[in-house]
Amino acid sequence: MNHQFKLLRKESYSGLIGNLLKSQQVYGPVKQEGYTYYKRISYPDEITEDYIIPQMSAKSFVFPKIEKLFSFVKSKDGVRVEDKNLDTIPKKVIFGVRPCDATGIHNLSAIFLWEPEDSIFKKRREQTTIISFACSSADDYCFCTSLGGGPGNTAGSDIQLIKTGTNDYLAEIITPKGAEIVSSNPGLFEDVDSVEKEKYLVRLPVCFDDSELEDKITDAFDTAIFDDLSMKCVGCGACAFICPVCGCFDIQDETKGSMGQRVRIWDSCGLRQFTLHTSGHNPRDTQGARYRQRLMHKFSYMPDRLGVKGCVGCGRCSRACPVEINIHENLQQITKLVKIHKHE
Amino acid sequence: MNKNNIYLPYQMKISKITQEAPGVKTFRLEFLNSGEGELFSFKTGQFGEYSVYGEGESTFCIASPHTRKGYIECTFRQVGRVTTALANQEEGAVIGFRGPYGNVFPIDDWKGKDLIFIAGGIALPPMRSVIWSCLDTRNHFKDITVFYGARTVNDLVYKQELEEWGNRSDVNLHLTVDPGGETPEWKGEVGFVPSVVENVAPSSIDAIVIVCGPPVMIKNTFPVLKKLGFEDKNIYTTLENRMKCGFGKCGRCNVGKTFVCKDGPVFTAEQLADMPGEY
Amino acid sequence: MEKLREIAGELLKSNDVKVVIGYTKGMNNKVTPFFAKKQEDIAKLICGNSCAQNLAVYLYKKDISDLGKPAIVANIHTLRGIMRLAVEKQIDKKEMIILAIDNAGDIQKLDNLSDLENYLSSVIPQLNEEDQQMLDELNRMTPGERMVFWKQEMKKCIKCYACRQACPLCYCTRCTVEENQPQWIPVASSVVGNLEWHMMRAMHLSGRCVECGQCGKVCPVNIPIHLLPVRIAQEMKTLYGTSTGISLSEKCDMSTFKPDDKENFIG
């Protein structure tokens, strides 16, 4: 894919954010008590560039932890249901999204736009413009390159900014939405002749072959590996909630007096209640079975059914895990499994 | 289904409530907006999400046959928060319904064959939809045999319809209750469903068998059917994993890569044999 | 470290224990829980000040109980966790060997709960400096300021329940947040609901919390949530003069009722 590149000089960078602030909500990585979060900003200089990856992924822009689906009012005459007004979903531009997080939104779309399309998700996706920052550094938990991603991956981004040696930015224009930002900010973007994007990106070694992983994990359902890998798992939902691609949810009703709303909220396959039947029967009764679901959903079922992986190699789940379960390490172990030949 | 908001239910008026067994009720539901009702269609085997506003949604099959228009029915046992709230509703009340979801029983492919229905306990509702759909087009099929069992006589649902089927000359009905569940007046059999099926031994030649029941009943019935010569591809059942959305997004109901809500809930024993036992 | 491996190796060799619950170095040099089941696993066991997690949570986990009699490498947090779980009759009948490790790295093999009680009799529970500083800071705030502080923190909560799952004393098979008839606490994450949940948990741990701080350490969004139960633990000490997870004869202060109590209201 040949994207157009422009030059955004460091002097123009704040101007761009300033201009965007005039027309829509702007979010970006902001430091708070030493940690970085994607937060709404009012001034360009609130955005930090000193971060590997924000604590929480960018998925909440399209899949918030709580999403109203519709509301209702109960009275003695019955119930009046009021549909969600999609026009209330504001336009947002998110600055400084890491390429892995942008890919996460791209992959999450495969779930929500799978027939029947989720119009709420779709509207949020349409209203959100993503200006990603390519990665010039990584930490021990990052492994995007092993899953076909990379520090300059453009999936899910509308524009990608790559910081150059002169502290200016190369702007890679990826989508029409991105092009519109360029055209509506004349004078800020300059033409460039030669582009050597790669030299500004961090090098991250590929540690396993992702197609081999898919093969191995698909055949591993009946092996003991998931029980072994999850023995130390305490069964919380941190990995799922912090994951940029985990899209599983619960639907609940919330009421206050006679008013109420039905909401869609984050849920996690790691929690015992997730698949528990009212009868007490649980199809995934052990933590091993639940961890197997987590990994197989991401690396076997999603690629098979939706053509995308459920993991982008951001390493957040490993950073967040209370007991240091490291997904990168686990995946390497799975690729080392001896191929099992099933009896025909 | 509402195209603009897939989570938005139809408004349904409860036009009739039948107390089937202790804690088990059937609702007949009519579309509050008759225009929506006219556009609505489903096929036997499909399910939906039923809701009480303020309490939440619960998943059950559509228990009425697709051959009867203008309403749908559902049968449920009062166990959790939503089913309790549903059970507390009165005739005339309005509840929500989303659907239909899932695949269907391919009854058009069964023409000219014997049909054998085997159901246990509260699993008769999905079966009832198929039975009536077949009875309403009775001349398409040869012999129709129904095996139905519950824990006790009191727990048998659709008692009136059971009587009606029992009186029909074109239905062979075998009712059974678990040992100890019989009453002095009980005229049916006593014993577990799989062993009753084994004793009656229906012919597997040119026959389709449909099994619905709790996982343990299904697991015990399949071997009996194999012994009687039924091929896996002629054995149908439904899976009832927990669901929230009903359309392949919430991530609960999958058995391996198979989504019960989209690819099911109807599966043949042949398909199940290829799936992991996550149900 | 050598001594730990030596003892653990012997225990596995004699077939007296089937698994040694301890720590190892995981990827990126991080300390992680580890279950040594075979002789070749022994060399992976480590100990030291970085081994801070409370491992007592694994003693009642089914997959691990299924392995057979365990030996457990226990820092002070784990020791107090084990003691408190025994007091609350969760593991009082369980056969296990405790490998107690003190701050200096000295290791002592404890064969039963009375050995553990003896060992703990000389231990004075002390909160770490950083936590004490944070508590002091909160104590200095006005109630209004404290509310602002906690509400701000509650905004971050994603209701992943890592705090609950990592806590050895949160062993309820059905937590109140999973109760929906009635729905005591909203399922969705909201500031007020989240505060309700964490207050509820802290109250349920009053007189039970062993002050390991594990719930705060594991929070993926860095909420210092352990300060709630730990603060209550200090209050309990002031009110009743008792510490938790120290002695087999300690009571459940908040759930014990005496017929001759001067208060006639049971809260």
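We just call them A, B and C in the order they show up, numbering each chain from 1.
As a working rule, a residue touches a chain if its C-beta (ideal position, glycine included) is under 8 Å from a C-beta of that chain, and two chains touch if they have at least 3 such contacts.
Here the structure is a predicted model, which means the values were calculated and not measured.
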Item to check | Furthest chain, CA centroid comparison against chain B | outcome: C
Next on the checklist: So, comparing each chain's Cα centre against the centre of all protein Cα atoms, which one is closest?
Outcome noted: A
Next on the checklist: Distance between chain B and chain C based on Cα centroids, please, to the nearest Å.
Outcome noted: 47
Checklist outcome for this item: Chain centres from averaged Cα atoms put chain A and chain C apart, in whole Å, by 33
Item to check | Cα-centroid distance, chain A relative to chain B, in whole angstrom | outcome: 39
Item to check | Residues of chain B engaged with two or more neighbouring chains | outcome: 80
Checklist entry - For chain A, which residues are shared contacts with two or more other chains? => result 250, 252
Checklist entry - What positions in chain C touch 2 or more of the other chains? => result none
Item to check | chain A-touching residues of chain B, taken from the complex the two chains share | outcome: 1, 3-9, 11, 51, 53-57, 79-80, 83, 93-94, 96, 214-215, 240-242, 244-245, 247-252, 254-257, 259, 276, 278-279
Checklist entry - Which residues of chain C touch chain B in their complex? => result 180-181, 183
Checklist entry - Which chain A residues qualify as touching chain B in the complex? => result 69-70, 72, 74, 78-79, 81, 83-84, 111-112, 114-120, 221-222, 247-253, 255, 260, 262, 264, 267, 269, 274-279, 281, 283-284, 289, 293, 296-297, 300-301, 304-305
Next on the checklist: With touch defined as at the start, can you tell me which chain B residues reach chain C in the complex?
Outcome noted: 80-81, 84
Item to check | Residue numbers on chain A that touch chain C, as the complex places them | outcome: 33, 35, 55-56, 65-66, 140-141, 227, 231-232, 234-238, 240-242, 250, 252, 254, 263, 265-266, 268, 271, 273, 286-288, 318-320, 322-326, 328-329
